[in-house]
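Two complexes are shown next, each including chain A; its partner changes from chain B in the first to chain C in the second.
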Partner chain A sequence: MTANVAAPSSERRRRARRRLLGRVLLYLGAALLALWVLAPIYIITVTAFSPRSVVYDYPKHLIPREVSAETMDFFVNSTGVLPSLWRSVQVALVTLALSTLIGAPAGYALARFAFRGRDTFRLAILSTRAFPIVILSIPLAVTFIEWGIYDTIWSVALMHTALALPFTVLITSSIFVSVPRDLEEAALTLGCTPISAFVRVVLPLALPGLAAASIFTFVLSWNEVFAAVILTLRERTLPALILAAITESPAPFRFAAAWFMAAPSLIFIFLIRRYLLGMWGRVSR
Partner chain B sequence: MNRRNDAVLGTRRISRRDTLRFGFGAAGIAATGGLIAHRSANAAGGGLGGRWAPWPHQGGETIVFLSTQLRPVEEAEKMRNTILADFEGSVDFIPEDTGPFNDRIAAEAEAGEGTIGVIGAQHGDFAALAARGYLADLTDLLQELSDRTFVEDYVQLGKFGGEEQLYIPWMQATYIMVAHREALQYLPEGLDEESLRTSLTYEQLGEWVRNINEAEGQKFGLPAGEDGLLHRFFQGYAYPSFTGGVNTTFKSEAAAQMWQWLKDTWQYANPQSVTYGAMDEPLLSGEVWVAWDHVARLISALRERTDDLIAFPAPRGPQGLGFMPVVAGLAIPKNAPDMEASRALIEYLTRPEVQATTLREVAFFPVIEGELPGDLPPGVQQEVDAVQATTSDPQALPSLLPVGLGEQDGAYNKVFRDTFQAIILDGNDIQQTLEQQAQNLQSVLDAAGASCWAPDPESEGVCQVG
Partner chain C sequence: MAEIRLQGVTKIFDRRVRAVDNVDLTIADQEFVVLLGPSGCGKTTLLRMVAGLEYPESGRIEIGGRDVTDLPPRKRDIAMVFQSYAVFPHLTVFDNIAFGLKMKKTPKAEIKRRVEEAAALVELSPFLERYPAQLSGGQRQRVAVARAIVMQPAVLLMDEPLSNLDALLRLNFRAELKRLVRELKTTTIYVTHDQVEALSLGDRIAVMREGRIVQVGTPTEVYDRPATEFVGGFIGNPPMNFLRGHLEREDGRAWVAIGEQRIPAPESLATKDGEVLVGIRAENIEALSEPAPDSIQTRVDVVEPLGSHLLVTASLGDQRVKVLARSDAPIQPDDQLWLRPEPGKLRWFDRETGEALGTRG
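Up next is the complex of A and B:
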């Protein structure tokens, strides 16, 4: 009898302890993951704003003792950095617009309509990523020279759109799948045309997913080096310029450049983040 | 054998050494200084229409100057803001990695529409471009520039074994050693800071880094990383110093001794050496105290910590003090948008005063004879002293960059790196590895159809690995 009474409470205690342990492990894991991402960003930031002599110190100081924008200043003001930053933003925005305009309708079609060869089409989209751009580089450059858009933001944006489209199409199609068909049909019965049903009902629900796709596209375009290097010469995007200038530069400049590259995409992700949170809130409901 | 080599090489070796000496301005400074003055006076009355008159070229179009040299941010900025400052036209100096550099020139050549005006690159970078016929013939430009005396060996290299002058020499560099002053206390008996410059042997270098190892740990460093220039250490330094040759002595007994020396010494090298591309940063951070590398890859350390570091020539071996000068050149693609403007830029960059500015600002040495400027920054001055100590050494044994390899250039370097990998890193048997790699080396030379170059004695037909 006494044993029977004791059993459930010890059982409960054990379960509570296990739950606590589970939670501690979860938070520990989350903290480790966060550290994994944040530690390099922190070290880059601290080093980028340290005086040159401190950069080579070993062991590294985790808390900066001296702050200096000297290297950063030289880097930012060296030829071409600011214009190429602006070009990178332009290229990313054009890529974003083009790939959404082309990719979202394709994703919608894949999600809503059953047509012959749909699965093949879905797979074929991915195959564009299977071609290494390395072997395409010279023909691409030759073609763009002939079209007269070599060394402009347009050639790079077109190339980035081609690279981003598979992701945009697949991500948007899975988003549209998760928007219930019934809602769209209800809108149609209440007097919407197919287009206005899409704009007024489907699009608002799909917005978080589109935001996620746009992060992919933006980051892809922002970080892409190879095509940008081959397709531009004087009108460099930031990664192309930095690749040429930084790989052989001393460490202080590499840290400055790394920070300068990382900061804008972090800002973009922070701006777009609330739509992402909205996605978990709404679509999963 | 050695006697015979000496006899064959006797005259040639002297003339090469002399030209190199002149190139670095190490010998006969007063005399050549006088020559320059004399020559420019001649030029004033010559066909140039006034002294250094800018080339006539139409329009204010910006010249695109694509370069595999001077890539680091600071160097590129110095090129744009200081070295090119007095040029009459406007220039867009664009440094680029070798890969995209080659692709771009190929693409412009195929499209038949060029934007690039002038190409600046190392001798090795030009080989593939020359082989595919992308470069314009500059023979007449070289004649127009006859008032400046280029180092003759470099002019010959720019012909790639043919008749046409495909590039004009631009600037030169070589390799030296740099050490921390703290390391000097561990110098082996009989060596001090002074004699380090004039008598360091490979034997003593090994002893030195062993002493350092006992007290401080593994502080010797070589650029054995993927981007490092370790192959040049073998081609221009270790092989010539130990064996008196490179290809013809590749698997000789002396070569085996050289590899044994490196094997013994490598245990005192910082294990991170296999990741080093350039030695300036390991020297700055103190991971390495004694290092060998290209002057351009050491200069930032010498600039940053001039007082803590000391520069000196590479060591000498039984056959002499092997060293390798390297050259960068200027070329014009066949479809350059404005030939005249491109030629004007080359004329500008090879002027004596611009060559002097180049040395002062980016530590690349002039390719024309003449007096070196006196007002050099201390870091550059240290390099100049070390280079002059090298070239004026009575035992100096200069090697040419591999000649006539064309597209086999990369494969040739790979043989030396593979041998290093096998013997030093994997610990394979020295003689056996050398036998194997000698076959690879021979097939590279066969594929290129290259005859021997200095310090190997001239060969009839393809160079034979020995």
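Up next is the complex of A and C:
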């Protein structure tokens, strides 16, 4: 510190300038990255809410001339879109229910009990995500055909549950960790059984986080396309339908579909981002 | 009516660490016992076993003559105040205090009456509708206490309840807690590492070290007649002085030689090789500026004015002694100082084991 003070002022100014330059570069880089992600989203949004005639314009307009539901209307009323939308919602809800029922207890166990092999378990859970869906999907398709649930929402929901579980377990575990053990023990000394302590104390405190985890699962299922394409034929979920139709579809359909798929995820991820950061051990309260 | 009886209670963690090692302790009905010891001595683990939050590997725990060793907390008729307060953040002060009564399905009107009573006892009445986040640390602490006493438990357990409060608040709340517990007449176990808290609150103090109880006694007993060197060193501020000495007989009397000098020793004292530790508290030493019979000559190292007293550190060869002198005593560093222990205040310890030698009582 004292050396700094004693340094000649030109030296100090040079150092300050270098630091300033560093910051400028950092923010410039961050801005470029943000633009890389945000620009397409912006163009998609603007176009999706323009009249159909404008969609074909080139170059695209950065500032919307006229807001209209015409394009969206065209997409929503295209053949198969509404039934697929409904199926997607069903699949996402079933996935959400299953993965919460299976994942939350596992997350609670990881958070509260020091059992043997806990850290290995934590890692093993994550590593299941490294297993390619391609390899998983084909034998699963065969199995589902045997079970007679191929080409139904159940097969897709089961698959999505498998995909979502690692995240559900880890996120809920981080949520339960953030509820102090003392509170649960205090409830035990005040007449609670372990179950009523969980219901009356832990659950209310964990609820916002659990809701966030559910939304994450919902979005994951909502956006998942690969397994959905392999496991369904006629009973397409929305992403599967769009993927199948998009190459032969007119531009308005594409823009509207793209916006329709992206918007819910963006909104939800924005709402729950602090819980996702908490998953990696950051204290987010 | 609840006597607590612990017999051979042992808790082992990770198959190796004996956190609590074969503890026997009987706590009389309505008694306030403090478990005192450094961190990691097993005092909190012992308390948690009485609460039912941990189960012992062996031994027996009785509350009011009933064997509760394997019972869960809710069947033990206990209430506990946690170090972190553990106040439920999603409930109002009222609902926090009422929590236990609701679990017992107490009638609504009675809940209301008892919660208001308990809140009044800890001066929380104006805050019943607030959430814990809107309270200060001291107020949350009161919620935790009210939540425990409203249960009218047979046994009240407190785990360092004051350690998260700032110094002034702690001093005030300590006195309040003492009054409260005296009025309630509930059998209480109180865990702390703060010896001042232990001395000021306890009917009896159980000093723990490495999972064992080293000494149980009234504050005066534990302070004046520590059973081991550890107890003497842990309790009191400054801690008890310990001087290495050697027992001798000369002129038909017993003496203890400390360095080149000697002071009288009790006749009955004997160790294997004559080596002893002499224990004496700082306030039981007279500091004289001139030689006097039965005194030891020392040199002053440091003088620290404490307001009410001077804390003098003097050296005697390579040994150090802390002495409390009157705040107006003209003592300067490098002065010669003659120290005369008050007769009868000297304690004698085995140099190897640290155990007190047989002149107790």
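In this text, the second predicted complex is superposed on the first by the 202 of 285 C-alpha atoms of A that agree within 3 Å, B and C clash if a C-alpha of one lies under 4 Å from a C-alpha of the other, contacts with A are read in each partner's own complex, and residues count from 1 in each chain.
One rule holds in what follows: contacts are C-beta pairs under 8 Å (C-beta built on N, C-alpha and C of every residue); 3 or more make two chains touch, one makes a residue touch a chain.
These figures come from a predicted structure and were not determined experimentally.
In the superposed model, A:205 makes contact with chain C only, not with chain B. By the touch criterion defined above, A:185 lies against chain C but remains apart from chain B after alignment on the C-alpha atoms of chain A.
Within the superposed three-chain model, A:52 lies in touch with chain B and out of touch with chain C [touch as defined at top].
Annotation for chain A, partner touching more residues between chain B and chain C: B.
When both complexes are overlaid on chain A, the residue A:75 reaches chain B alone and has no touch with chain C.
Residue contacts after overlaying the shared chain place A:146 against chain B, while chain C stays out of touching range.
In the superposition on chain A, contact of A:159 is made with neither chain B nor chain C. For chain B in complex with chain A, the touching residues are 64, 66, 71-74, 76-77, 80, 92, 94-97, 100, 103-104, 106-108, 110-111, 113, 115-116, 277-278, 280-281, 284-287, 300, 304.
By the touch rule above, chain A contacts chain C in their complex via residues 180, 182-183, 185-193, 196, 200-201, 204-205. Those residues of chain A lying in contact with chain B across their complex are 52-53, 56-58, 74-75, 78-79, 137-138, 141-142, 145-146, 151, 229-230, 233-234, 243-251, 253. Put simply, chain C touches chain A in their complex at residues 51-53, 72-74, 78-80, 82-84, 86, 88-90, 99-100, 103-104, 147, 151, 157.
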